[in-house]
Amino acid sequence: MNVVAQSVLVVEGLSKSFRGLNALDSVSLNVRSGEILGLMGPNGAGKSVFINVVTGLYPADAGTIHYGGRNVTGLASYELARLGIARTYQNIRLLRRMTVLENVLVATKEHNDRPLRSFCVWNQRSFLTAAKKLLEQFHLVDKSDWLAGSLAYGEARRLEIARALAGKPSLLFLDEPAAGMNERETEELGSTIRASHKFVGAIVIIEHDVAMMRNLSDRLIVLDAGRKIAEGRPNDVLAQSNVVEAYFGTDGTDD
Amino acid sequence: MLVEQIINGVVLGSMYALIAQGYTLIFGVLDKLNFAHGEIFMLGGFVCLASIALGASLPVAILITAIVSGLLGLMVEFVGFRKFRSADAHITAALSSFAIGLVLIDLSQKVWGAEPVALTLPGSLQTATITIAGLKLVVLRLAILVISLLLMLVLYLVVLKTGLGRRIRAVAESPAKAALFGINVTRVNQQVFVIASVMAGLAGLALAVRTGYSSTDVGFTFGLKALAIMAIGGMGDLRGALLGGLLVGVIEALAFQWGVGQFADVFVWLFMIAILLLRPAGLFGTLVSKEIRT
Amino acid sequence: MMQDYIVFVGVNMVLAWSVYVILLAGSLSFANGGFMAIGAYASGVLTVKFGMPLIPAALIAGLIAGAVGVVVGFPALRTRGIYLMLVTVGITVSVKAVIESIDYVGGIQGFGGMVGTRPWHVIALVILVGCGLWFLSKSPLQRILDAVREDELSAASLGINTVYVKLVCFGIGAFLAAVAGSFYAHHLIHVTPDQFGIVVSVFIVLYAVLGGTNNMWGPPIGAVIMTLIPEVVRGLESWRPTAFGVIILVLLLIRPDGLLAFREVTTRANKSWVTGKADESKPAKAKSA
């Protein structure tokens, strides 16, 4: 991990509203290089909206986003992805009709940066090797030829994360990766995320599972009703009264 | 005269609206386009013609046309749409209905030939006029307008107030959920097809009666335009289809009045493209449609 | 006579592929009848009015259509599904109406004097396009297209510019339809706008869909079958259209995925045919998860 905490991502004053409803209200935060940042908050707090705006799905109404020192506000999803921002989705979005190996192969940065040029690529040996190596790290290489749609839930999530890392990103967003998982699967997920840390400098996790976040995150930020209400070390933040109040009645899993 | 042309336009528009409402009803409930709809419209005129030729009076001919159109609608639903239920099936359903349409055109041409066939009404019904507020209006056209509007009003009331209407709206929103509530989705689909087809058939009857002849190509010229009108008015939106139809009818009438009639068609299609790109809910649509942009 | 068959079958195969190319990126287009018309008329003007030889004229006409396709496709491809269907229908109808109003090319009467198509032109075109598509299916670009087709959002998250990809496919589809249309027109000598309407557009899509659209061989096979069916039912001379329609219906009902709907499942980089291995109904290896 970096001793010098440079910021990979700096978000300032980010606001987004949908038909008059303030989903994000002037949120500012930064993601430091090498850290695992947890983003928590009750349902409707704006966590998913935040990640969707930062990864280019919706344009922000106001505010700026700087990535690696560069102003990337308003760029499209694919442009942000090419710059090194990767993500997974709450409902696992794999290409179910393609095989496990193909799912990773389709994340190959050299091809996706210039799709038409990839038409001329004949020797794909090196890409194949790289993809299989990645799958090995995630214990999925035996299922290379399985259709992605036939994987068990935990494996599917692992594949989605592996695929996100295949493009060699510098920042990875995980949107509620533990959604729908039981305790054992959640533990495995935790190891997967720690293992992923080798591949990507900074990870932002959106989650409800308090125990998981306490264990995994270096820092924790809590949103409520579109605003940041707490920031700091997990144990400190989780003890704050306003945070406990925001989560009233929930014990980590809020459905 | 301008006012007369506008009235002509409204009459024309009410016919477009009848067809467009049928398209939009089927789209709203089944999420698919019925490319045979235009041919059912076309056959409406011929069935009327045949009935009158066999000696029926106009009211009886209207009834026969309605019944035959409804039966045709049932046939189209069964052959072209029953099997293709999944979401991806909208293309196969469209293609099937297109094939059915082609068969219908060919069969019509076998029976009646490829040239327009004259339709003569008993008595002086065709040319009777009446004067209201200083304007001389053709009774027939007025009757068409009034009856069309009445039909659409009845449909509107049915959809809003009756049990059938509630079931239709439920299936339109989600066939899966409607089925969970015990609604027989297949039955509703059939009913929707019957309603849409009866309206289309009667519109065909109206056109034949108004112009004095039936022709096998009106499905493609007239009928397809109603498809564009559906999109202009708002897909899945009955009120939009009505207003869209009237709007286009008036614009067409005026275009002919001002000598640019031959561009009317292109204009309608280009306008439709513009609407789908800029305002997918349609000019008058209130619903935000499901599958437009990501 | 044989010449006729070769030209028509070949032209239809390329037309079917022109729809397939656009389908590769997930869009269903009914606009290729219109692009075919642009190709026919543009090449016709070049050969008849400017004395250009056929092949360059066809290519230029193709480029023109491709350019129109890109310009028109940019806004059009923001719609999906049925909405896109309608927009592309609108494109075909508009193209036809515009051509009908241009007296320079004969308006409704049509345009004549186009000669020059030889069977080998069409055969060469089919081979070229076929090779191109085969090569594509082995390349990483095929995977990119598969991703765009299946889930645009995911594809974008992986750095794929989906708008660009869809637009390129649309333009290439327009190009192919136009070149095919050029050869078609220069075989018929005289064409009218009526021959390029919505019916043709739907037929082209039918070729592709009936053949099966999840691999490159389906569409041309569908085209061959559909082009030859009228010959098969030649005996029922006056019932041909009806018989044709009924056959289409039956085919759609019994094999809605198309006649050739096997999935070419490979890890394409391995360049091996692994048929049946990744059949959706059973995982590749029967291990318990």
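As written, the chain order gives the labels A, B and C, with residue 1 at the start of each chain.
As a working rule, a contact is a pair of C-beta atoms (placed from the backbone, for glycine too) under 8 Å apart; a residue touches a chain by one contact, two chains touch by 3 or more.
These numbers were taken from a predicted model, which means no experiment stands behind them.
Of all chains, the one whose mean C-alpha position sits at the greatest distance from that of subunit B is A.
If each chain is reduced to the average of its C-alpha atoms, the one that sits nearest the average of all protein C-alpha atoms is C. Our note on geometry: subunit B versus subunit C, Cα centroid distance of 31 Å, whole angstroms. The distance from the centre of subunit A to the centre of subunit C, each centre being the mean of the chain's C-alpha atoms, comes to 40 Å. Subunit B has its Cα centroid 50 Å from the Cα centroid of subunit A. Taken residue by residue, subunit C touches two or more other chains at 153, whereas all remaining positions touch fewer. Against subunit C, the residues of subunit A that register as touching in their complex are 55-57, 76-78, 81-82, 86-87, 89, 93-99, 101-102, 105-109, 111-113, 115-116, 118-122, 124-125, 127-128, 143-147, 149-152, 155, 163-164, 167.
Across the complex, subunit C meets subunit B through its residues 28, 75-76, 78-83, 85-87, 89-91, 93-94, 97-98, 101, 152-153, 197-199, 202, 205-206, 209, 238-239, 241-242, 244-246, 248-249, 252-253, 256. By the touch rule above, subunit C contacts subunit A in their complex via residues 135-136, 138-141, 143-144, 146-147, 150-151, 153-162, 164-165, 168, 265, 267-270, 274, 277-278, 280, 283-285, 289. Residues of subunit B touching subunit C in their complex: 27, 31-33, 35, 79-80, 83-84, 89-92, 94-96, 98-100, 102-103, 105-107, 110, 220, 224, 227-228, 231, 235, 262-263, 265-266, 269-270, 272-273, 276-277, 280, 289, 291-294.
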